[in-house]
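Some structures to go through are shown next.
First chain A sits with chain B, and in the next complex the same chain sits with chain C.
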Partner chain A sequence: MTYQVKLQHTGQPSVTFQCRPDQTILQAAYDNGYLLSSTCLRGGCGACRAQLIEGAVAELAPMSRFHCQDPVSGEFKYRLLCVASVASDVVIETDRPWQTRRKNPLSDRLPG
Partner chain B sequence: MGLKHRGILRIAYVRLGLNDNRLTQSLNFYRDRFGMLESMRDSERAYLRCWHETFQYNLVLEQTAENQLIEIGFHLRDEEDLDQLTDKIEAAGIEVEQSPANEPLKGMGRSIAFTIPGGQRLRLFADMAQSGYVTGFESPDWVTPRELRGTAAPMFLNHVGLTSADPGATIDFLANVLGFGLSEKIVSEDGKTLSGLLFRMCRDVGGQELAIFPGEDGHLHHIAFTKEDPNDILIIGQYLREDGINIDAYGPTKQSYGNTFSLHFFDDMGIRLELCCGGRNIDAHPESEPIIWTESELARALSYYDSDVNPGFLDHSL
Partner chain C sequence: MAISRFSYANVRVMDLQKAIIHYTDTVGLRLVESDDQRAYFQADECQDHHCVITTLSDRAGIDHVGFKVNDPSDLVEAAEAASAHGLAVRDVPLGEIAGQGPGVMITLPSEHNMLLFYHADKIGYAGGMHNPVPGVSKNKIGAKVSHLDHTLLSCENAQPTVDFLTEVFDFSCTEKVVDPGGNIIAAFMSCTNTMHDLALGPGPNGTFHHMAFGMHSRGEVLEGVDILKEDEVPALEYGITRHGIAGVTTIYFHDPSGNRNEFYNGAYQSPGRPGLVPPIIWDVENFSRGAFYYEDAVPPAFFDEVT
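Coming up: the complex of A and B.
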């Protein structure tokens, strides 16, 4: 079973891909050729934080509550995609732009 | 009772052609800053060797109309091997050019040259003049010669990386016709060979003399030289940086593919060089099997500490 993830970020065309409930949204994005900002990969540093616009996410591991808060208002605003998975189809606004990556960088070098 | 190994014994040299009076510029780099020794020089060419090398040259630089990889030289055991390999290469439908001793390069016995399926030219020979160790053979001081300290001072030519539009066919030729062993390879999800590391068919320390990567035919990906250990490479990386050398996309790293500790950087002409140490010790039993990496593990294969591939690293450099 998979759910659809739609990623958006201001100034960047949105992208969609499928994510399984047993993998993180960050990993599903990577597997589909999108390299999201990330550092610790343990729900701690907040480099991968994003807002959930629609749908529901599941936490595969605890998230730093500090990094889920809006730095000014303190409201619970962000999810950390390195430990978040999908509980439904979701629309997510990332805090930072993502990069595209080649899924098969060696195969792509073969002619034809 | 020694092992009666025949055929290719060692990678001997890389011969590069450089345009626009770059001979002086390249000598300035390879001799004065990279730390190779100038063995011979004539009006056309400069011959350089690593300080731990006993034969006369590992790198030949000459002036050509365009920058190019001219050829890679491999040293055979004897003349009988040269004749046998000539027959095998011709039987594979590849044209073989015969050259007399001292042509085109000095200090070499008679040789053959041919183009492999990937488009690069190789030269095979059985005899090359020896210079002997810089340290001498008698009770040597096995330390970097005083005059080379502070440079990269590579010990040996280690391996050469090439690009090929059909890596599988190139690897098959090198293994089946020239007798290289395959120590490692990278395959796509559907099993197609994308890259391979080839070693000469005897017990091997380092595990590779040629590395084949996918890309345009006929190009050079990198030239790798041997250093003693990672500590050496880390310190030399600082000297290179101090000297304004451009370090490649990965910094010093463990390359799981081949299991070396490596640093890649660019010479003054934009050619990618590698300093490496370690590498897999291969026991070339006929039944030994290559390590196989899948493309999905490429990031871990190329740099163990990195979580994604630096695409620029896959570009050829000459």
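Coming up: the complex of A and C.
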């Protein structure tokens, strides 16, 4: 079973891909060729923070509440995609832009 | 009044059991004691009760750093001096933290908590205290960490904390990074003969950049990297590299709550009377070489992301 993830970020065309409930949204994005901003991969540093616009996510591991807060207002605002998975179809606005990744850079170079 | 040395870091973790596995099996510390809120660890070549405390929390980051003083009366003097400097001070009674005596908690201008204390219970060296086995045991598990060396704490403006530590607590500044206006971007502060016991770098006030575990050789750092890879620990994109600042061999990685750790070897000694040994100055345009000497570049996430 998979759910659809729609990623958006101001100034970037939005992208969609499928995510299983047992994998992180960060990993599903990677598998589909999208490199999200990330550092610790453990829910602690906030590099992958994003706002949930529609749907529901699940926490596969704890998220640092410090990095889930709005830095000014202190309100709960962000989910950390390195430990978040999907509980429904979701629409997500990332705080940082993502990069695209060539999926098979070596096989592209191999002779037909 | 004299601070004798950096003793321990108390870091916040979101999963205590995962932290225990990481700091013992991977990093190679000894688990000294634990309950449902905290775990205490010590490296092989320190006698005191702990060099790392992990405290269960809803966030990652630093709870406080612990420094030892030379005499119990230093605690009173330090508390008065910090209060006179306008800093928040509170007494930490015996029993609040296992394995050590009472202390005073001082909130630095950078909004980090620094606990000064005199007494630490002794657990001895890993090799024993009576007719010991020298060197590292053949049964050693995890990386060959000898001691916890220093922390790097992040703050918006390091200058007031540098001023306090040098003017009141007799720290030396061994190296600093300055912008063209002379403002401090990063400062490396020492209260002993090591190049830094506490460093300050850019970031939001009160946040934690990393704590560094010392090793005896570059070879042991390389072996440590193999352990990180085998245990699938997330590491900095450069892998093993060298800092221009202090010239050390280094790798950064993350604990299971995302707190940054470092294995490192090769810092120089920095003896001398506080305030009389001039610091090395790095101009900010050369900071990339100072931070990562081989790559001459700093990944944006290195300072952007702290816990």
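The criterion applied here is as follows: the second predicted complex is superposed on the first by the 109 of 112 C-alpha atoms of A that agree within 3 Å, B and C clash if a C-alpha of one lies under 4 Å from a C-alpha of the other, contacts with A are read in each partner's own complex, and residues count from 1 in each chain.
What we mean here is this: a residue touches a chain if its C-beta (ideal position, glycine included) is under 8 Å from a C-beta of that chain, and two chains touch if they have at least 3 such contacts.
Every value quoted in this text rests on a predicted model; they were computed, and no experiment measured them.
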{"item": "Partner chain(s) touched by A:L35 [first = chain B, second = chain C, both, neither]", "value": "first"}
{"item": "First (chain B), second (chain C), both or neither touched by A:C45", "value": "second"}
{"item": "First (chain B), second (chain C), both or neither touched by A:R109", "value": "first"}
{"item": "Comparison of chain B and chain C by chain A residues contacted", "value": "C"}
{"item": "First, second, both or neither for A:R101, with chain B first and chain C second", "value": "first"}
{"item": "Complex interface listing, chain A residues touching chain B", "value": "30, 35, 101-102, 104-107, 109-111"}
{"item": "Of all residues in chain C, those that touch chain A in their complex", "value": "14-15, 58-61, 204, 234, 254-260, 301, 304-307"}
{"item": "Chain B residues within the chain A interface of the complex", "value": "163, 165-167, 186, 188-189, 192, 194-195, 213-215, 295, 298, 308-309, 311, 314"}
{"item": "Residues of chain A touching chain C in the complex", "value": "37-47, 61-67, 71"}
